[in-house]
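All remarks here apply to the structure that follows.
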Amino acid sequence: MAFHKEEIIRFRHCDPAGIVFYPRYLEILNDMVEDWFKVMGYPFEEMGNRLGAGVPTINLNITFMHPCRQGETLSLTLRCLKVGDSSFEINISGEQLGQPILDAQIVLCFTTIGRQVNKLSIPDGIRKKMQEYLTDPTAATI
Amino acid sequence: MAFHKEEIIRFRHCDPAGIVFYPRYLEILNDMVEDWFKVMGYPFEEMGNRLGAGVPTINLNITFMHPCRQGETLSLTLRCLKVGDSSFEINISGEQLGQPILDAQIVLCFTTIGRQVNKLSIPDGIRKKMQEYLTDPTAATI
Amino acid sequence: MAFHKEEIIRFRHCDPAGIVFYPRYLEILNDMVEDWFKVMGYPFEEMGNRLGAGVPTINLNITFMHPCRQGETLSLTLRCLKVGDSSFEINISGEQLGQPILDAQIVLCFTTIGRQVNKLSIPDGIRKKMQEYLTDPTAATI
Amino acid sequence: MAFHKEEIIRFRHCDPAGIVFYPRYLEILNDMVEDWFKVMGYPFEEMGNRLGAGVPTINLNITFMHPCRQGETLSLTLRCLKVGDSSFEINISGEQLGQPILDAQIVLCFTTIGRQVNKLSIPDGIRKKMQEYLTDPTAATI
């Protein structure tokens, strides 16, 4: 199973060269992970307020294949690659009218939030949900 | 030779968990590349206006080792890894009081700006300057 | 006639105090003006590319009545207050579950874009559309 | 007494029209208030961590007189207009090579941070410092 989303490229995303300023793509990807957690039933704000947990990004490897411009629609697909004890790895790819725009591997980790940031085991409910998005259901360890 | 910079972590960089929101790190890295080009004598705005050239990011691989908080000072070091015909690769590492915060490999490419984005050979003047920052001066191809 | 929009408050909007960082509200308002122009048939990107025109903000007077938090939905209403020769004034108010969050008066101006920024008369087609959103249809001068 | 600061306009500040995207000006102004508090001896992060206090913006009235572009230096001046019980009003003006760029009146308020946002009296130490920046030292009520 994959999670899909479309994002309209806006004025605020674009730089003086008229294309998306790349840190803005990372905001778009962060929004998508946020939406995915909401769809799985674990909105970020509840994880923060109720569980004292967050999912900071540990590693990001992203390739930009083609620029995207104001008014274009970026079609994004999120897949889960691995689910470990406290960390998990996802892939997000983006295309515009069939043209590849970006491809990202992102490793995130469940942690406490606050002055001390410590690893947390992924809660069972979220783990089960994540596993439904695994491209290879045998990929259980990160 | 390496290029150094210190960045104070500000309120605007930080998220509800009190740590730097990771797309903000990419703004910090983009500022650093901008400063490096200025120090080399090729400010972004002149490249854009006079040469019709820009340096979009092609690939970014970044690891976040430890969170950074408001009021802390992030010490950044930029080194050049490879200089190719139109693309070049750099490393930026960041630490706070000796603790590693982030480590990034970034591939950027000289291109035209405007409706068409085409590769450009790196102008000779910039190439010579970049080579002074190569960690391994024999690393000439990307 | 008024233009309505709902905006979900996201992680990226919020600051270390857990509430929307106010420059992010201005991004939200800018998006809304962009959406309004699209609905009126004049997307920003076409105005820029075809007409060489833009609508920079000249004055902004905004009051924040109550903070908004992650996961809440901000209901926004845009009304047009005045349409002048090259400038126009709008009001955007925002509420969350009936509680007033923000109220903004914004004056924008049609201008050329590029090295020189000169005032432009509002094109007739856009002017007619804007007038449909006037709260007081006799308010023709800014 | 006034508080001065220079800000170099960067690539990340600018929009597809090549001028500063106005929400970015508000980030610049927020940084300046943050710097001012630091100079007065009350860094934001200490106010948050030690006092559980923050200074959200209540009202902002800003006029943009002239656009600013990448590579230009914006000279900013902050003056204090009024110091009340929990709120205070400041003016920030910006110019570039003698040309007025922006002029802002901002009302901010001391509050608790957390789930409940309640007004706080301005701590005496900060109040005394603020009063040194009053343009009119008799302006004691907001």
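In order of appearance the chains are A, B, C and D, and numbering begins at 1 in each one.
In this section, a residue touches a chain if its C-beta (ideal position, glycine included) is under 8 Å from a C-beta of that chain, and two chains touch if they have at least 3 such contacts.
In this text, all values refer to a predicted model and were calculated from it rather than measured experimentally.
Chemist: Per the definition at the top, count C-beta pairs in contact and tell me whether A-B or A-C has more.
Modeler: Contact tally favours A-B.
Chemist: Please identify which chain has its centre, taken as the mean of its CA atoms, farthest from the centre of subunit B.
Modeler: C
Chemist: Measure off the straight-line distance from the CA centroid of subunit A to the CA centroid of subunit B, and report it in whole Å.
Modeler: About 23 Å separates the centre of subunit A from that of subunit B.
Chemist: When the C-alpha atoms of subunit B and subunit C are each averaged to a single point, how far apart are the two points in Å?
Modeler: Distance between chain centres: 34 Å.
Chemist: Using mean CA coordinates as chain centres, what's the gap between subunit A and subunit C in Å?
Modeler: Distance between chain centres: 29 Å.
Chemist: By residue number and range, which residues of subunit D touch two or more other chains?
Modeler: Only 11-12, 16, 18, 21, 23, 27, 30, 48, 70 qualify.
Chemist: Please output the residues of subunit A touching subunit C within their complex, sorted ascending.
Modeler: Against subunit C, subunit A makes touches at 10-12, 27, 30-31, 34, 43-46, 48, 69-71.
Chemist: Can you tell me which positions in subunit A touch subunit B when the two form their complex?
Modeler: Those residues of subunit A that touch subunit B are 16-19, 21-24, 26-27, 30, 48, 54, 56-64, 67, 113-115, 117.
Chemist: With touch defined as at the start, can you tell me which subunit B residues reach subunit C in the complex?
Modeler: Touch list, subunit B to subunit C: 11-12, 14-16, 18, 21, 23, 70.
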